[in-house]
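Labels A, B, C and D are assigned to the chains in the order they are written; within every chain, residues are numbered from 1.
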Amino acid sequence: MINKKKIINDPVYGFINIPGGLIFDLIEHPYFQRLRRIKQLGMTYLVYPGAVHSRFQHTIGAMHLINMAIEVIRGKGHEITEEEAEAAQIAILLHDIGHGPFSHALESCIIPSLPHEQLSLMFMQQLNSEFNGKLDLAIKIFKNQYHKKFLHQLISGQLDMDRLDYLRRDSFFTGVTEGVVGSERIIKMLQVVDDNLVVEAKGIYSVEKFLVARRLMYWQVYLHKTVVVAELLLVKALERMKYLHQNNIFVTNNPNLDYFLADNQLNNTTEIIRNFNMLDDYDIIYLLKQNINSQDIILSKLAGSILNRKFPKIIINKEKPDENLILEIKKKTKKEYQLNDEDLQYFVYTGEISNNAYSNIDEQINILYGDKLIDIAEASDMLNLSVLSKVVKKYYVCAPKKIINQK
Amino acid sequence: MINKKKIINDPVYGFINIPGGLIFDLIEHPYFQRLRRIKQLGMTYLVYPGAVHSRFQHTIGAMHLINMAIEVIRGKGHEITEEEAEAAQIAILLHDIGHGPFSHALESCIIPSLPHEQLSLMFMQQLNSEFNGKLDLAIKIFKNQYHKKFLHQLISGQLDMDRLDYLRRDSFFTGVTEGVVGSERIIKMLQVVDDNLVVEAKGIYSVEKFLVARRLMYWQVYLHKTVVVAELLLVKALERMKYLHQNNIFVTNNPNLDYFLADNQLNNTTEIIRNFNMLDDYDIIYLLKQNINSQDIILSKLAGSILNRKFPKIIINKEKPDENLILEIKKKTKKEYQLNDEDLQYFVYTGEISNNAYSNIDEQINILYGDKLIDIAEASDMLNLSVLSKVVKKYYVCAPKKIINQK
Amino acid sequence: MINKKKIINDPVYGFINIPGGLIFDLIEHPYFQRLRRIKQLGMTYLVYPGAVHSRFQHTIGAMHLINMAIEVIRGKGHEITEEEAEAAQIAILLHDIGHGPFSHALESCIIPSLPHEQLSLMFMQQLNSEFNGKLDLAIKIFKNQYHKKFLHQLISGQLDMDRLDYLRRDSFFTGVTEGVVGSERIIKMLQVVDDNLVVEAKGIYSVEKFLVARRLMYWQVYLHKTVVVAELLLVKALERMKYLHQNNIFVTNNPNLDYFLADNQLNNTTEIIRNFNMLDDYDIIYLLKQNINSQDIILSKLAGSILNRKFPKIIINKEKPDENLILEIKKKTKKEYQLNDEDLQYFVYTGEISNNAYSNIDEQINILYGDKLIDIAEASDMLNLSVLSKVVKKYYVCAPKKIINQK
Amino acid sequence: MINKKKIINDPVYGFINIPGGLIFDLIEHPYFQRLRRIKQLGMTYLVYPGAVHSRFQHTIGAMHLINMAIEVIRGKGHEITEEEAEAAQIAILLHDIGHGPFSHALESCIIPSLPHEQLSLMFMQQLNSEFNGKLDLAIKIFKNQYHKKFLHQLISGQLDMDRLDYLRRDSFFTGVTEGVVGSERIIKMLQVVDDNLVVEAKGIYSVEKFLVARRLMYWQVYLHKTVVVAELLLVKALERMKYLHQNNIFVTNNPNLDYFLADNQLNNTTEIIRNFNMLDDYDIIYLLKQNINSQDIILSKLAGSILNRKFPKIIINKEKPDENLILEIKKKTKKEYQLNDEDLQYFVYTGEISNNAYSNIDEQINILYGDKLIDIAEASDMLNLSVLSKVVKKYYVCAPKKIINQK
């Protein structure tokens, strides 16, 4: 029999051991290999050229961290069986398997009715039946239905291995070194109390720094204004294609993509999985390239704008933009480009972006002092509780440069 | 007027300053933006998942290094005018602009008659006419027709900024830390003698290490056996498509690609540039995906093999494989898969790969002792001259796992 | 004439260029070379074994950063003449020259009446007369008497190059990677308004992170409880020697050190400089070693405790320790070790340590929005203003392990 | 009972786990704590200011690597019992415990008759009796008397954990990044054949790079000409003190040091250990400082030269220096400084330094091809066998700058 054990070279952590058996087989599965073709950070590479790393790398990295965490927790006297450990690894390995092309960027656009977590679950269930129920426990943990809640919290929570990996990895590949998080140190400080994940007292400064680094990555990278405008353009392009497709003006020659363009209310699980599994970043970019000279002027303009990095102007502010200003911009744009009311939406648009660094509503980061648990927002004397638990909203306006620069 | 000066965040070097003016405009040009969609290391990411970095990043990095080198050389009393400096930057920025999808992997396949250097030159000349002759000096340097030869040697030579960047960058993204080259130290040791680039005596150990690191990267990364087999498969898939296309069995719906599939002897420069400029990694991967269920069994098998990472077996040896063994493998494969003689070439193939770490035929690395120049191969008492200047050849055999594993 | 230009290899920043001329001569001066023998972080290496880096390295690093800052500020259109640039470099190079053995640890003990900043100034004035007034401008900048205030602020202020270097360097050598500060990014964001140093708006997240990293380094490194106890022991040992010396029981055979042991109210500048210049870490450790078997039991015990890393217990709390508890500990210690009241102070002691991450009383970090300046504490919606400007105090109790562990 | 398990923060590897029990107790022992006060690289910090790291850090690092190696070898099916693993850790932890002040620099000077390996063994035996024979196995392994020879080879051999740590650590702290060795990768490639340590075939490039990096570190750091001259001066100063002491002109007030100055033929083990254990870098530097104004002009000059970094000129060449030239230099120096023949030796001296990157006489690095072992010097087609196994000798001449610069 072949020993399937494998080592992967990871620029972030060095060598990562891949266990043989089920986990190896899941990684080899086409569903998982597809993640190699999906960029972790969507269009961010247009601002940070290094940010071309894939979901594949991220999930492998998160699996590596959960292994470290499991070892630490075991070392502190809590039992985690081999089965539980494998299930936790599988759950984190597959937690993003429902991501589509350009990750979050197009999430609400390809299947508006299904967020990626639900899609991930659909994929897991599909794999579970392929692998004869061997993913039962992983799914239970993923759905937070297992009594050792901390296993779920390692996968999805305020301080999960997903975040610890992506913050570090994204800061590595973007070159924004300030986003670096001391994942190793935080993991060493993990503890379990009443089946819940907590952090030992002396880890508080690392947790503070984790929250600040996360916030920095949000405003400096994830919500960088050029990234926001690039992803909005991508959404607009896809919406335009949907419109054209649903009005029988346009087909993509890509049956998998046409399937999603045709209908906003999909519900046939088998069909969804079959088609979705065929989609990745390559379909979208290819489609844009094919339509850079489209007869539909709007689509052609949007495609060119993305591919050649000629973006409209975006203005981001803490205050809602003035209604009259927007009306004036719209009027001028309509006139300048001779647009009708309906088409204007592809050239002038407003909306909001938001980020809350820490939410203590659903889940807290609890710090362990002796045998007392205190919420980080309370334990920290530096961080501003009322601010941290409040969502920070910002408002954007996008419009052609020519129009907005006249102001 | 807008100040176009820009800073790019590079994970390898930190901040890179982009000068305004012509260089900025060239980077913004669609020809150059295309390099964002071409992976520096072709299919290597299937072995080293981090190796998804683009030609765009590499050329920006090489430009950064040439700036450092120019400053060092000026600091040692050699004049380099502003015009020369800009031209050298442009030449290195564009030296890879003729690279097609998957860089070297498909180079000999898409336009067999044109190596990428010649294509780069064609693109430069096209840009030169767009920019009214402002690239004249850059082209002169690129073609090594300028009297200050060291400027050309910084772009293309045994120790050029291209290599210094790619070795460091590739080792960074693959995670093969041993490939790291002390680019900064080597650059500090550069000197110019009689218009030629040389290295000061105390830089000899760094140069030795550069040669060894380069060799290590060749065998550990660039010629890693799984990378080799993945890129061979890609070539086979493209050759199959060419065959089908030229026999009127197959079109891609991609006129730019069809243009190259139709003919192996292209010579209309304008046409070539117009079509080639539209191609990148996305076209190829998309095409494979569209043909994973092709009616042509061979194409479908090749596409699936690449996309789902199910590779045939590859055996690499220093000795030429035994002829009889190959014949036997071919016979068995034919029988097992019921192939005719012609189709066998897509399933069993042999060939050679080679690397010479250092060639002192065309160009040497000269070390400066006092005022005497000595070739590194002679100056170094550790490196083996006769070996270094000899090409290391290895031979490969690829065949279905099932067949080869019977042996 | 000899070209004195020099390059220093720095593990933190790579190559650092040392200009020739006056700066080179100052670095070569015995006053400055002495800094090679003073650890930047005092006794911290007993907790973080890597923290053996010297004041020499730090000041060279700070000079490197001020050069970067000067270049950035010039690039934004503000004039800084060559003379001003050199003076600023000199001022930062010499800002710590008045540090004595173990840096801050013994600062209040060797010359209680003179903080290191004043001593630095004394040294600078001495050097100024040696160098015929060539340090006039540097001293003016150091004393904040120069009209371009930002030059002083680069040396001493909320966001000076001193802090940017030491946070990064200390985190590098301790291995507490979370303390890493994006010095390069902050420097790129510097701007000058009305001769004052400010930070451009998009630098706000980096400044927030700088403040959090600084706080983390305080509690995790600078005020780590084992570091605190080690440095307290060192102070106790020196105080004991002073006591013994002033009571004619003890001399060190080290006239320079005896000079400081003899008197707490020194004021002869020439004498102070002459003797102080001969002191560094080596005198203190040597002295401890010579007294590990001292006839004075107290001194012998303190010396052994430091050298062999057998520390008493330290308890640090946010609340003031209970008076009765202290009394009880003292009583037990006296009895256990048969101490008189006077000697008890060397075995049981209490005190406070404090850190305020940001003080907006004397100096602010101003963020530039358009043409409006806003204090960081106000501009940041995450950081807690009222907390940031408040000093965080903690209380410690030290006592023999044996006694305290009985509780 | 107290859990003594500990984590050490290492800037090179991150967190290092220190096992409790015997190993913990050995680290806490004053013999071992002394290594904190001995610089790993002697006087190298006068050239590379960052090179102030201690023997303490290095041996902890080597212990960390041996743990990794043990785990890898176990994972390949070779049994290593808990006792053997602990013994190997102890052996590497203590392998340098016999190092004296400034490590190698003064090795042949303080106790000419005892190299540090023998002193280390003496210390181990002393510790063994203190710990009731618990170090028996460690000593057996250290002396290469244990049948599992690979355990000894991990501690002392061509590719031992000692070298893997020091090359990486020294390159880290000097900032000579090119010396970085892929320790982790080499360790992953280790294998055991017939109780001997070998390297798997695919590790050959890493081993080549290790040999080249080692050579680079030798010439660029360990044998850097300014380091050589600084260490020669230190030896001269100590020799002068010995001379003065043995002629009753001089005592140090340091009984431990006087013990070694008095006699070159020491043989009382107990005495040697008792006195040697009290010596470290601090004694030597302190002594130099105390003698910077010595009445003995020669000693005063040597001390000042070291402390203030005013070195004589050193010339290093591959050829033996011309006898007549030396004679002339000596003559001029005598005249200029009015020296007698005997004293001349402190001002003009010659000698040789040498390095062989790889010696296949006592021990080889064997590469495993299938089941065949091949010596690296043969297996590698790049490295030059005859050179590698030959010692590279260079010759130096030191003399006052004034004299030598006249030439």
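FYI, contacts are C-beta pairs under 8 Å (C-beta built on N, C-alpha and C of every residue); 3 or more make two chains touch, one makes a residue touch a chain.
This one's a predicted model, so the numbers in the text were calculated from it and none came from an experiment.
**Q** Compare the CA centroid of chain D with every other chain's and tell me the farthest one.
**A** Relative to chain D, the chain whose C-alpha centre sits farthest away is A.
**Q** Name whichever of B-D and A-D has more C-beta pairs touching across its two chains.
**A** If we tally the C-beta pairs in contact for A-D and B-D, the bigger total goes to B-D.
**Q** I'd like the Å distance between the centres of chain C and chain D, where a centre is the mean of that chain's Cα atoms.
**A** Centre separation, chain C to chain D: 32 Å.
**Q** Any idea how many Å lie between the Cα centroids of chain A and chain D?
**A** Averaging C-alpha atoms per chain gives centres 51 Å apart.
**Q** If you average the CA atoms of chain B and of chain D, how many Å lie between those two points?
**A** So the centroids are 43 Å from each other.
**Q** Two-or-more-chain contact residues of chain A, please, as numbers and ranges.
**A** 14, 176-177, 185
**Q** Taking the touch rule as given, give the residues of chain C at its contact with chain B in the complex, in rising order.
**A** Within the complex, chain C touches chain B at residues 7, 14-15, 184-185, 188.
**Q** Which part of chain C faces chain A closely enough to touch in the complex?
**A** 176-178, 180-182, 185, 205-206, 208-209, 212-213, 215-216, 219-220, 357, 381-384, 387-388, 392
**Q** In their shared complex, at which residues does chain B touch chain A?
**A** Within the complex, chain B contacts chain A at residues 8-12, 14, 28, 30, 33, 36-37, 45-46, 48-50, 52-54, 56-57, 60, 172-177, 253-254, 278, 281-283, 285-286, 289-290, 307-309.
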